[in-house]
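Pasting a structure here, questions to come.
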Amino acid sequence: MTDQQTAFLVRHEKFEGPLEVLLELVEKRKLFVNDISLASVTDDYLSYIQQKKVPAEQVAGFVAVAATLILIKARSLLPNLELSPEEAQSIEELEYRLKLYQLISAVAPKLIVLYGKKPIYLPRVKVEMVVFAPDPTLGLERLPELIKSILGRVPKEVVEPKKPEAVVYKTISISEVLGSLTDRIMAAAQTTFSNIAVASPDKDEKSQKVYTIVSFLGMLELVRRGFIDAEQPELFEEISIQKLEAEVVVPDLEETHE
Amino acid sequence: MSDNAKTIEALLYAEAREFSIVELAKLLQISKEAVREALEELKKSLEEHGIVVVEQGEAVSLGSHPSAAKIIESLRKEMLSKELTKAAAETLAVILYHPGISKPEIEFIRGVNASYSIRLLQMRGLIEQKHKEGDARVAVYTATSEALQHFGITSAAELPEFAALSEQLGTLLAHDKKI
Amino acid sequence: MSDNAKTIEALLYAEAREFSIVELAKLLQISKEAVREALEELKKSLEEHGIVVVEQGEAVSLGSHPSAAKIIESLRKEMLSKELTKAAAETLAVILYHPGISKPEIEFIRGVNASYSIRLLQMRGLIEQKHKEGDARVAVYTATSEALQHFGITSAAELPEFAALSEQLGTLLAHDKKI
């Protein structure tokens, strides 16, 4: 394989993946992988997403991890928060996915060092005694099919690479969501959570879930900072929100940890 | 050395490619068990030699001893590629330590799309696609003997921390299936 | 076995050709006498093996034991008479529709290592290796005239859908080079 081929294939993977970023944040703080360490790096992770432009094809992966982290953080802020079985499962899943990835990312550098250092060589290919021996079952008419099946197998991205300038970057702006949330709280001195939860611009259920979770985290953040008071009389009932101060500063996640 | 071990050695040498245990059993008209015994014998008798037996899964081949790598390399114009990127190394690691893993499982562990890494590793001859036992619709991946050769080892068991790591991966992945 | 004997064995095995005593002495940076001693040692330790040391005057090489000749011959006959595997058939098709293609290019298009298929097709006289025009170091492959005759055509242009398919293959490869 030529260097260009390698370069082409590798370029697509240069961008760090969601688990890679998360593991780096946990390991930077010399923490073990568990829900406590994940809650403590949530802000860093959200801020990473805000600062770096996540390639379009990876947005879904980053959002899914971010949503789970927010859930973990929310649970750590509200110990009596009841999680649905799916939510509990997504937390557990993120934890052991990260543990799996940690194992692999620890051994990979060892393989890189070992690779090609002292290889075992196979003997050179010997083509002695050529005997003309065609395959009678392989006729002319089958050849186009063979080529077409090969062409069909080539990954689409290899055939039509996105030019770097043409790549559409989509970023998830957590602060935008939080800003809009705050505006609504300002507008209505007293409101309920379902009124202020930000609607997802995409109409699908999955992305609305993420927006609701982000809105919820934003609300918790405001409670923690003493700007609002939230009350939920019964489990799964509507949460009522009360503004405590006249001035509400848009919580800027980047500011909280830098 | 027994006749079987001798014949297998001669065959592997003359054909200069890998053979599966099944293929050897058919050619020699002996049982797979007898092939495995002969291979053990061959491995033992080559212990002090410049030739090694490489076993990966069900495939067997002969290769030069890693200690002679430098001198052989000096004679070869066609260089082995010596670089593994982080992405390729991680994908290869997952496949080496958990043979028969599927693409979704690789992606589950690494958190990113694995198409490019898989294709790259296939093109370099380091991994190959197979059908999952019991479910031919599912494509799974295993490392090739060539991958072991690049690392200068004769079986996957010689990989760093192989036993512990492959067990941990197995446990964590089994957990996934319970959910 | 001594280090010298081990290295010579590895070298003879990997390079699969004759070496002169002088050449071995130079490569190992030892005296001719030391090479002869190491060869004697190697011969002795291979006595019970399927691989033998072949000495012709000042030239040394390895060979397979004559006792395995029959099985090797029948294997080769079988290999020549069997249907082409899908991998070999695809490789042949790619070479037919894109004459003068190199091994890395075949691997790029098919996404898998092509060494074994190329060797098989060469041994069956269906393709031949040539040097690339303008860069003699690069080996490229074309179908043999016997292969074309077998398909009942006199040039690749007569292949079904040749223009469209060879263009698509060309685009794939050209795009690869642009990056």
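Per-chain residue numbering starts at 1, and chain names A, B and C are given in the order in which the chains are listed.
We adopt the following convention: a contact is a pair of C-beta atoms (placed from the backbone, for glycine too) under 8 Å apart; a residue touches a chain by one contact, two chains touch by 3 or more.
Because the structure is a prediction, the values reported are computed rather than measured.
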Could you work out which chain's C-alpha centre is the most distant one from the centre of chain C? A
Of all the chains, which has the CA centre nearest the overall CA centre? B
Looking at every pair of chains, which two share the most C-beta contact pairs? A-B
Taking each chain's mean CA coordinate, chain A and chain C are separated, in whole Å, by 46
Chain A and chain B have mean C-alpha positions lying a whole-number Å distance apart equal to 33
Please work out the Cα centroid separation of chain B and chain C, and write it as a whole number of Å. 21
I need the residues of chain B touching at least two other chains; which ones are they? 13, 16, 62-65, 67-68, 72, 119, 123-124, 146
Got the chain A residues that touch at least 2 other chains? 1, 5, 121-126, 158
Sites on chain A touched by chain C in the complex: 1-2, 4-5, 7-8, 121-127, 129-135, 137-144, 146-151, 153-154, 158-159, 161
Chain A touches which residues of chain C in the complex? 10, 13-17, 76, 80-84, 89-90, 92-94, 96-97, 104, 107-111, 115, 119, 122-126, 144, 146-147, 150-153, 159-161, 165, 168-169, 172, 175-177, 179
Chain C contact footprint on chain B (complex, rising order): 1, 3, 5-11, 13-17, 27-28, 45, 48-51, 62-65, 67-68, 71-72, 74-75, 77, 119, 122-125, 128-129, 144, 146
Which part of chain A faces chain B closely enough to touch in the complex? 1, 5-6, 9-10, 12-14, 17-20, 57-58, 61, 65, 89, 92-93, 96-97, 99-101, 103-105, 107-112, 114-126, 155, 157-158
